[in-house]
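Next up, some structures in structure tokens.
The same chain A turns up in both complexes below, where it pairs with chain B and then with chain C.
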Partner chain A sequence: MNKAEKAEREILAIDGMSKGDSAVHRMSPLSKLLLTIVYIVITVSFNKYDITGIFIMILFPVVGYVASGVPVSTAFWKLRIVLPLVCAVGIINPFLDREILFYLGNIGVSGGVVSFITLLMKGVFSLLASFLLVSTTPVEEICRALRQVHFPKILTSLFLLTFRYVHVLLEEVSIMTDAYHLRSPGQKGIHISAWGSFLGQLILRSSDRAGQLYDSMLLRGFQGEFYYAKGRKSAAYSWPVAIICIALAVTFRFLNIAAIFGGVII
Partner chain B sequence: MIRFENVSYTYPGADEVLHDISFSIERGEKVGLIGANGAGKTTILKAALGLIQTTGTITVGGLPMSRENLSEIRKKLGYVLQNSDNQMFMPTVIEDMIFGSVNYGMSRDDAEKKADEVLKDLNIEYLKKRQNHRMSGGEKRLAAIATVLTMEPEALLMDEPSSALDPKNRRNLINLLKRLWDKSRITYVITTHDLDLVLDTCERVIILNNGRIAADGPAEVILRDQALLEANDLELPFCFAGR
Partner chain C sequence: MHMADALLSPAVAGVMIGASAVAAGVSIVKLRKEEKTELEPTIKKLPTMAVMAALVFAGQMINYTIPGTGSSGHLCGGMMLTGLLGPYAGFLSMIVVLLIQCLFFADGGLMAIGANVWNMAFYGCFIGYFLIYRPIMRSGWFRGMGLRGANRLKIIISSILGCVITLQLGAFSVVLETSISGITNLPFGAFVALMQPIHLAIGLVEGLITAAVLMFVYEMRPELLKDVQTDETVKGRASIKGTLISLAVVALLVGGGLSLLASSHPDGLEWSLFGNREEGYAENMGLDEDDYGIASDMADSAAAVQDKTSFLPDYAFAGDSENPAGTTVSGIVGCAIVAAVAALLCLVAGFFRKRKRINEQG
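Then we have the complex of A and B:
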């Protein structure tokens, strides 16, 4: 299996997972979408020194992953490419912000270290939440939910088409690399001298296929709006659950639960 | 049903591939469009669907090809692409089958009912929930045919429908065409290199050679004419070749 095929499989695997069945899968797409957005907004809005406050937000993804049966390890594996980016963004904080905030034993912890950790948590939690959404909700359903809140149809259609065509592109890469390797035994990768024509062919072939796919959509009456496939019926608990979660998240945001509990226990 | 008058076409940046083509296919006719590779068969089908802009006049079901009529014309014609990979774009077979009908205003439930009938007709109920990229070439072809039939077109344009099918499914296809025709006198145009298929399913044959019509007549006559076939880089159907 070549790299392109692997990438395609990964996308398809998420697609496949999203068609699974669990309490989370059964929630209405719109409720999940709103919940995810609110969750991310709230998580990101925490003060950069509020390490305990943010930490409590981990509850939502944890419950989500447990209830949906989506393995967290898969989430981290799929997110392996973006996670280092999140780290990279915050890595200079400790050097810029050296003011000591508190002491752990006798090691002083600077504001920069704290803000680095909170940024990391914000990033990871948001990614985990988004991944949970896409791995429990088919893309079409997400688009349909977006349309329900009057998201412009041009954008949802574009989004969906991109999703379809990414797979076309990867398929062409995969076919072409296979064809290449069949005729260049023992070679690793693609020789630099062939890159130009390879890339050129790739663009031509994928745009040709994308064009034909678009034609066959037109032939079947496509006029810019997908009538998104209606999946299964959503569970009756979707909205109550979503609203309770949102209420909880808002509470966590404005009351420092960890500190309160900490106070009670001490 | 489909009428071409002096139609010519040149792909952008290439030589002319259709030269002054004129023919007319009446309602209920069963036509085989044959010719060597690159003769222009696929191009003719695309022209009939308004996927390419040709010179000359094309009318479909009495409607002249124009922007306003395009959607009406495409609704009348069901097109099975030469490459099924480019035909299906929804995640699963059933969603693909429903897509067209719903776009043309059918309710989802009716569309699904219709889809179920077609799947049964084609004997491929087991493909209903299958993901489009997880099928064999032949299964994809059958599914593509199914998506087209769900839309109940007045005429079928099939580009090499039998090319990926095993003998049993090829036979199924032939029987299906016969049943469709018996039931509703559906018009169909088949392009293919499978001349035995043409003989089995078509009454009329049009031979295309380098973008020109080389012959047009009853299948029984043309497909027996060895000299004519060979002059157009074709061969006798196996059943006449006596091999």
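Then we have the complex of A and C:
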């Protein structure tokens, strides 16, 4: 399976998951979008040494994944893209920041180690949240939510059209790549002699396709904006749940609940 | 170069979202203005923008073998979209590409979308187009090679320069944004030293791929590319005059402005011969600046001639070598002399070429 085919399958899998039915799927798209953005902002705003404070934020994605039935393994698979850069930036912290913050038994834990772990947590949690959003909300619904908050229509229309055409072009690239490699076995990528013509031919075909697409859109009465058929009715609990979650997240940001619970038990 | 949410503080992410939103707003307004002047509705551009954005996304899945290294590179697409759609439509299309990457592939964070748009789309589309692609494509460079040859060379140069410079700017912005966010303990200088060289190599490879693709499009369908000169545009442009004026302005700026920054310290050769007493390097070769070399009548006569003919000794007005205005004027005059010599060379070469052609025809 080539890269384009893998990418297409990934998109199709997420698109399929987003059309599922669960308590999270039934929430209004705008409430989910807002909740996700607030959650990410609060999560990354934690102090880099506040490892106990940030840890409690894991509760939101855990509840979200359990309630939606979205396999968390799919989200963790996505971490392969995020973690390398996060690790590259944070890995140096333990070497430069050696001041001991606390002791675990006899082992001293330095500020650098704590800040590195906090950074990883921020990366993982924010990815889990944004993946939960797209895997429980179809793209059309996200665009509808964006239009409700007056996001420019040219961008939402462009996003929807591009999303539809990504499948077509990924399929074309996949077929072209397979055909090329069948004729040049053992070669790792596209040879320099075909650098221009390989993608260039696709550009020429795509340009013609864009013209046909415009004609067909006009024939269907397109006048600059897609009209969204009213999807399924959003659950009545959408906004109350979103507001409670936001209030809880803000509370966790300013009150170290984990430390308070720990203190009570000890 | 896609930044994750964890690499930014909310304040920095907010500022970058604001900056990118302004750039997107300007692009939308400009597209609407173009709609009025070009009589082409924006909705007609929409399918082209969408298909090209999808193409760039799909094109990123192609691995290109880098000769002699065994590794492979891939396309990012900012400069390519700019060349095909122009800066405003290209910028909006790149936003959509980055959004799809962020939402479906976790390539870049949702909160970091503003920073990613700025680092990859803004530099690629606006800086790449207005400061690199357009000036080069509209210039009168390589006219001697014929229209097709000149256009091909200009596409190669603008693609490579555009990709390298915009990627360097993007990489530098990543370092700046991460450092301001207080995420890493890595010193700023070390972080820059880590990021820039890697992205220099990436930019070079991307530039070559972009050049190859745009050249192919130019050969097949030149009308698809922005700012490509055709016979009509070349005839319609007062190119020689325009080029000479811009060259003169650049020469004045370089000669007049930058010469003020010229070092008053001796250059390497002078320093090694005469030393610099003020700096404590009196020894070196121990020569006296006013009396060195082989004494002979011929050398004295040559020096006398030089004294009479050089109206700007040591690149300043005679007798006023400390005056910065003197250095500035010298710089401008020096540029004028170089330009005159270059023009003379061109005239002489043209004369001989013409004579050769007449002889061949005869």
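The criterion applied here is as follows: the second predicted complex is superposed on the first by the 233 of 266 C-alpha atoms of A that agree within 3 Å, B and C clash if a C-alpha of one lies under 4 Å from a C-alpha of the other, contacts with A are read in each partner's own complex, and residues count from 1 in each chain.
By our rule, a residue touches a chain if its C-beta (ideal position, glycine included) is under 8 Å from a C-beta of that chain, and two chains touch if they have at least 3 such contacts.
Treat the numbers as computed from the prediction; the structure is a model and nothing was measured.
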Which of chain B and chain C A:S207 touches, first, second, both or neither: second
Which superposed partner A:V82 touches (first chain B, second chain C, both, neither): second
First (chain B), second (chain C), both or neither touched by A:L12: first
Touching partner for A:K188 - first (chain B), second (chain C), both, neither: second
Which superposed partner A:P138 touches (first chain B, second chain C, both, neither): first
Touched partner set for A:R220, first chain B, second chain C, both or neither: first
If touched residues of chain A are counted for chain B and for chain C, the larger one: C
Overlapping contact positions on chain A, where the chain C interface meets the chain B interface: 164, 209, 213, 217, 222-223
Complex contact set, residues of chain A against chain C: 2-4, 7, 10-11, 14, 36-37, 40-41, 43-45, 48, 78-79, 81-82, 85-86, 89-90, 92-93, 96-97, 112, 115, 119-120, 122-123, 126-127, 129-131, 133-134, 142, 152, 154-155, 157-159, 161-166, 168-170, 172-174, 177, 187-192, 195-204, 206-207, 209-211, 213-214, 217, 222-224
Footprint of chain A on chain B - complex, ascending: 49, 51, 71, 74-75, 77, 79, 81, 83, 85-91, 95, 98-100, 102-104, 108, 131, 133, 147, 151
In the complex, chain A residues that touch chain B: 12, 15-16, 138, 140, 164, 167, 171, 209, 212-213, 215-223, 227, 229-230
Contacting residues of chain C [partner chain A, same complex]: 2-10, 13, 24-25, 28, 31, 41-44, 46-55, 57-59, 61-65, 67, 70, 72, 75, 84, 92-93, 95-97, 99-100, 102-107, 109-111, 178, 182-186, 208-209, 212-217, 220-221, 224
